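Same chain, two partners: subunit A is paired with subunit B first, then with subunit C.
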Partner chain A sequence: MAYTIVGKSVPRVDAVAKVTGKAKYTDDFFERDMLVGKVLRSPYAHALVKHIDTTKAKELPGVKAVLTYHDVPQIRFATAGHPFNLDPSHQDKADRLILTDKARFVGDAVAAVVAMDELIAEEALRLIEVEYEELEALLTPEAAMKEGAPLIHEDCPHNILSDRGFWMGNLEEAFLAADTMVEGEYETSMVQHCHLENHISYAYVDAHDRIVIVTSTQIPHIVRRIVGQALGIPWGRVRVIKPYVGGGFGAKQDACLEPLTAAMTLAVGGQPVKLNYSREECMIDTRRRHDFKFKMKSALTKDGKILGMHIQAISNTGAYASHGHSIAGAGGSKFRYLYAIPAIKYEPKTVYTNLPVAGAMRGYGSPQMVYALECHIEDIAKKLNLDPIEIRQKNLIEIGHVDPLSQNKIMSSGIRECIDKGKALIRWEAKKEGYRQQMGDKRRGLGMAAFSYASGTHPVGLEIAGARIVLNQDGSVQLQIGATEIGQGSDTVFAQMVAEVLGLPMDRVHVVSEQDTDLTPFDTGAYASRQTYISGMAVKKAAEEIKAKILDFTWGMTDIPAHALDLKGQNVVYKHSGEVVIPLEDVALSTYYDTVFAQPITSDVSNNARVNAVPYGVTFAEVEVDLKTGKIEILEIYNVHDSGTIVNPLMAEGQVHGGVSMGIGYALSEQLLFDPKTGKPLNNNLLDYKLPTIMDTPEIGVAFVETHEPTGSFGVKSLGEPPALSPAPAIRNAVLDATGVAFNQLPMNPQRVFEKLKQAGLI
Partner chain B sequence: MRKKIAMTVNGKVESFEVDVRDSLLEVLRNTLGYTGVKKGCGVGECGACSVLIDGVPIDSCIYLAVWADGKTILTIEGVAQDGELSPVQQAFVDKGAVQCGFCTPGLVLTTTALAESGQEYTKDELKRELSGHFCRCTGYQNIFKAAEKAIETCRHDGSCGNHHPADHHHDQEKQEGSE
Partner chain C sequence: MYDIQDYQEALTLSEAAETLARNPRMRIIAGGTDLLIKLHGGQIEAAELLSIRKIEALSHIEKMPDGAIGIGPLATFTQITQDPVIKTDIPILAEAAVSMGGPQIRNIATIGGNVCNGATSADSASSLLALEAELTLISSRGTRVLPISEFYLGPGKVDLRAGELLTEIRILPQHYVGFGGHYIKFAMRKAMDIATLGVAVLCKLETGNILAEVKIGLGVAGPTPLRCLEAEAYAAGKVISMDVLNEVGRLAIRSAKARTSWRASKEYREHLIQELVPRALREAIVQAGGGEIA
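And then the complex of A and B:
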């Protein structure tokens, strides 16, 4: 379908603000007499707080308040950034207090100080005397689940937060009918989002006794509810403002700081208090990615058709639930749209441990699952001596497939074309041929991996989105959305959609980038790759309503029926010929000032999307493994995506670049490390945590296979998270191809690669 | 202990008292209001707080304000002149090098220093020059393209915008960089 602005690489609407330093982030706002908040953290992984003496800290000049467990509401609340669920059995696990009387990881918040400045606050922290009673630290899921282990949360036997899985088809029959069985075990690591802007928020009580929180969040409307719950106050008493956000990747899809920030301002009579986490704090006391261990067992015919798959997964959720219970579930659902596997049994266990809290992170369980699945498929191909691409092609799901559990129907799929394109881009056949007989210390190999994902959370979660448009006096419009721009480019994409519907150039669509729960329409926020698809529906609906109202008003002005009219190039035109009827500017001015008919035009819509579209894609990678050092170099890497219509190719490519880069870090270098005895963090900073630099990042090739998704506005499907899903298994499969050694544990850093190659006798 | 210092920031002479423990980052942000200077780690790991001191990119979070006494500072707010983006800023916009924007000011400034040096860089050299900056959004791809384009544009035009860098410092201090 031909569009005018949708599909064009227009510049980001916030690019100029961001290259000139005008874009304001949370830390860039100043309130008079702003105080500083600081957190006292437990040095023990698991310990009861027996006694806290805050006397000396309170006496320090410049200290305004010291808070402990005794000073915060005794209300357990859930932090996960999900829409509220009216069904109590589906609500998030409420296992947190704002400050705890039982430390559950090294870094858990046991007390907090509000002071005049940072130095005083830090000194005050040192003056708080805490008496702990140490408990056994449970630092692995296995230790946590063993008989007789102490309970991290009293109401969860064996420290298992959730073990809800699923089964579909008849796995026993599939196992009986199989020609071959293939088993495998795969393990992923703990990684952290490393968004450049650390978590930060500040709060004050305004003149109407309302708590105003300015915060770096992906989910302002949800934060409002969570703060209301945590403090036990009416939710409407809380106002949340989200300015520009310096990246989130899921870590800000969680109310990490806001309840405490609100409690801090209440403790000082409503004076503004800023809570600004350091990088070191951010890396242990916000969120991280769940590390998973998988056991896979598949039933196959001899020609590689998958009859059934048994997947057991253990997910380490750390000290508090956050999103843990739903991440194992999501990981188990979104891969089902890739291969037609008649029987699947999925048995996940999400386990509490005394480690930092795992939560949402780009891909939400799927990077783990796609890694295991695509390693496993590769292992199957190797065992059956089949071509790894052919075996995938043989099992792919076709358009029209309805998932028996979610009832989501595949209405568009470009996965076959993605595979073909990736294969051509990397010159698969020719290189495979060339790498057959390799000797020497450097070995090259090719690998690929595929994925399916989702656009939003339907039918598991509610998918509500809101948009508001006002036709201004000059014929421009302003757009307000509840959906949040966190760097991914949603503001620009929405503006393009509005411009498309209303026949306006981009500079006549003014996006209000800031979200303010008092002012912006309700939308649950940036997560689950939902905004372009889900919020895009609301935006298009709002624009169409504005358009209908403009044409109706013009009818009144011109006697030309609305159905004969259209909008184009800032004019109302005849639909059939494009002939200009009247400039939009004139219509707009009349809507405000016509002495008889004036009625300014607005739209304010909400959309409850009860659909889900499945995006697809692949990674193709070529690596060179240095046997002597264990270093893996990526020579070429391509991601090819079917995300439906691409609204803005340049930004879409950027989104893929970032996801692939994150996937490369996941594959090769990143992992949070903890002392295995004490649970103390060892590398919670950007020096020791090996985040890829520009020098570690190869050129990343990007291509799209554009399909038209019938359920998406303008044919869109999701793109936010998908790029991060398949790089790690593709690289692993390339390393397997190069060396014959299967690396079933992430990351494949030089130390680990070297040791394993040595074990395998290659060196 | 407080000390009176003076520096030129974005072409404007500023004279004020600082706590001798203050970093340049803190003074630029909190005293002078240049909030385009971003703090991503506070310990010189991420590059978000880079500013040009006498034309050289420096992590302002680990540079004491008192060391800046008598020096010329360029922050992101001083790069565009009279509402016109510099060639570096324009390249960042055109090449899609901006996402969340938090690393952007530092990268624009480092690239400005490279572009103003008049030197040519191989791809590897350019990567090394930019490697003091972390970015989690872009995989560095479009940042690299923007830097390449900006450097080329400035070489071609013989200048890189119309602000007032301390050009004479480049040759001898360039190699120090921020890495």
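And then the complex of A and C:
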């Protein structure tokens, strides 16, 4: 389909604001007499707070308030950034207090200070005396589940938060019919989002006794609800403002510090208080990715058809639920759109441990699942002596497939073309041929992996989105959305959609980037790769309503029926010929000032999307392994995506670059580490946590296979999280190809590669 | 917010020495890239700082008439990377310098701070050790000159006495003229990382494919940067071969005091020494005018 602005690499609408420093982030706002908040964190992984003495801290000059468990509402609340569920049995797990009387991980917030400045606040923290009674620290899911282990949360036997899985088809029958069975175990690591802007918020009470919170969040409307719940106050008393945000990747799809910030301002009579986490705090007391252990067992015909798959998974959710109860489920559902596997039994266990809290992180359970699945498929190919690409092709799902559990229907798929394109880009055949007989200390290999995902959360979650457009006197428009720009480029994409519908150049579409729950239409926010697809529907609907109103108004002005009219190049034109009828600006001016018919044009829509669209893609990677040092070098890497229509190719490419780089870190170097005895964090800083630098990132090849998704506005599907899904297994499969050694544990860092190669007799 | 209680700037060496003599709590700050991290991490509290950044006499890099190369402690890593004398005469130090941090850090971090901070991972240290650098230390009491091998006392501990200031790092001609060298920084990342192992090797050749002299400095192979004297003694006078190189690697482990930490195991660290010392020596031989070894 031919569009004018959709599909063009127009510059980001916030590019200039960001590169000139005019874009304001939370820390750039100043309030008069702003105080500073700081958190006292538990040094123990599991301990009861027996007694806290805050006397000395309170006496320190410059200290305005000291808060403990006694000073905050005794209301357990859930932090996960999900839409509220009217059905109590589907509501998020409420297991958190603003300040706790039982520390559940090293770093758990047991007290807080509000003071004139940071140094005074830090000094005050040192003056708080806490008496702890240490409990056994449960630092692995195995330890947490063993008989007789203490309960981290009293209402969860065996420390299991959730074990909801699914089965489809008849697995016993599949196992009986199999020619071969292949089993495998795969393990992923704890990683952290490492978004550029740390978690930060500030709050004050306004003249109407309402709590105003300015915060770096992906989900302002949800934060409003959670703060209301946590404080036990009407939700309307909370106003949340989201300025520019420097990344979140899911760590800000959660109410990590807003309830505490609100409690802090209440403790000082409504004076503004800023809570600004350091990187070290951010890495242990916001969110991290769940580490998973998988056991897979597959039934196969001898020519590689998958008849059935049994997947057991253990997910380590850490000290509090956050998103834990839904992540194993999400990981178990989104991969089902890739291969036609008639029988699957999925048995996940999500387990509480005394480690930092795991939550939403780009891919939401799928990077773990795609890693295990695509390692497993590779192992199957090896065992059956089949070509790893052919075995995938043989099992791919076709258009028209309806998932028996979600009822989501595949209406577009470019997965086959993605595979072909990736294969050609990396010159698979020629290189494979060249690497057949390798000698020496450096070995090269090729690997690939595929994925399916989703666009939003339907049917599990509500997918509501809102957009509002105002036509200005000069024929330009303002666009307000509830969906949040957090760096991914959604503001630009929405502006392109509006420009497309209204026949406007980009500079005539003014996006209000800030979300304010008092002013912005309702939308649940940036997560689940939902905004271009889900919020895009609302934006298009709002733009179409504006267009209809403009054409109607023009009808009144010109007597030409609206159905004969169109908008193009800032004019109202004849639809059949494009001949200009009247400049849009003239129409717009009349909507404001015509003495008889004036009625400024606005639209304010909401859209409840009860559909989902499945994006696909692949990674192809070529690596070189230094057998002597255990170092893995990525020589070439390509991600090829089917995300439906690509609204902005340059930004989409950027999104893929970021995702692949995240996937490379996941594959090779990133891992949060804790002392195995005490649970103390070892590397919660960017020196010791090995986030790849740009020097470690190879040139990333990006290509798209554009399909047209009928349910998406302009044919779009999601692209937010997908780029991070398949790099890690592709790299692992390439290393397997290079060395013959299967690495089934992430990350494949030099120490681990050394140990494995040594075991394999290669060192 | 940093816990800085006092901050002063010295304009001359004598002013700096006097200020330090007057107030023993005063700490020297150069680029601040180690010091501020420590303040941030709480290892230093209530800091009283004396900046030496305005002392112009401390940022020189020059070759004296006798061939000695003098490097002022305030020379930044960027300066070292780009300096013609260093690039020509002791390129191994330029290699080490460019492996350090990232461009922004190299612009501000000084070689004096790198040495005085006393970290075993300091990227300049293993090269300076192999180059047998001499340190000039000045205080209100006078001047000392110390070989760098005696400067390192323990992890983060150097022989910098109260009120003392490092004023020059000097490399004598007999320690670099005729040598070829190579530095390998083995780290988990290609930038912005501390070394898992730093290997600096210098060598001088004799006709007949003979190793006249080999000097090996290692970083992160023990609590301080160290030399591998046993391996060096073995190498002297040997005809170059892969076997000799491997034996040098094996013997280098004996000088190391590697230990297991969550960053890397002892076994892996020693394996890296054995593997990377010969790799660095191979390249050093080429730099010294020898041939590639098959």
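Annotations
Throughout what follows, the second predicted complex is superposed on the first by the 763 of 763 C-alpha atoms of A that agree within 3 Å, B and C clash if a C-alpha of one lies under 4 Å from a C-alpha of the other, contacts with A are read in each partner's own complex, and residues count from 1 in each chain.
Methods note: a contact is a pair of C-beta atoms (placed from the backbone, for glycine too) under 8 Å apart; a residue touches a chain by one contact, two chains touch by 3 or more.
These numbers were taken from a predicted model, which means no experiment stands behind them.
Using the contact criterion defined above for the overlaid structures, shared-chain residue A:Met651 touches subunit B, although it does not reach subunit C. By the document's definition of touching, of the two partners only subunit C reaches A:Asn749; subunit B does not. By the touch criterion stated above, A:Met264 is placed in contact with neither subunit B nor subunit C. Set side by side, subunit B and subunit C differ in how many residues of subunit A they touch, and the one touching more is B. Judged by the touch definition given at the top, the superposed model places A:Ala465 against neither subunit B nor subunit C. Of the two partner chains, neither subunit B nor subunit C is touched by A:Val72.
When the two complexes are overlaid on their common chain A, residue A:Leu682 makes contact with subunit C while staying clear of subunit B.
In the superposition on chain A, contact is made by A:Ser669 with subunit C only, not with subunit B.
Looking at the shared chain after the overlay, A:Lys628 reaches subunit C, while subunit B stays out of its contact range.
In the superposition on chain A, A:Gly489 makes contact with subunit B only, not with subunit C. Common to the subunit B-facing and subunit C-facing surfaces of subunit A are residues 686-687, 693-695.
The touching residues of subunit A, counted against subunit C in their complex, run 117-119, 122, 628-630, 669, 673, 682-683, 686-688, 690, 692-696, 749-751, 754-755, 763.
Touching subunit A in their complex are the following residues of subunit C: 1, 3, 102, 186, 188-194, 196, 262-265, 268, 271-272, 275-276.
Of all the residues in subunit A, the ones that touch subunit B in their complex are 9, 11-12, 14-25, 27-28, 193-198, 244-247, 249, 278-279, 486-489, 650-651, 653-654, 657-662, 685-687, 691, 693-695, 697, 699-700.
In the complex of the two chains, the subunit B residues touching subunit A come out as 29, 34-43, 45-46, 48, 75-77, 79-80, 85, 89, 92-94, 96, 98-105, 108, 127-128, 130-131, 133-144.
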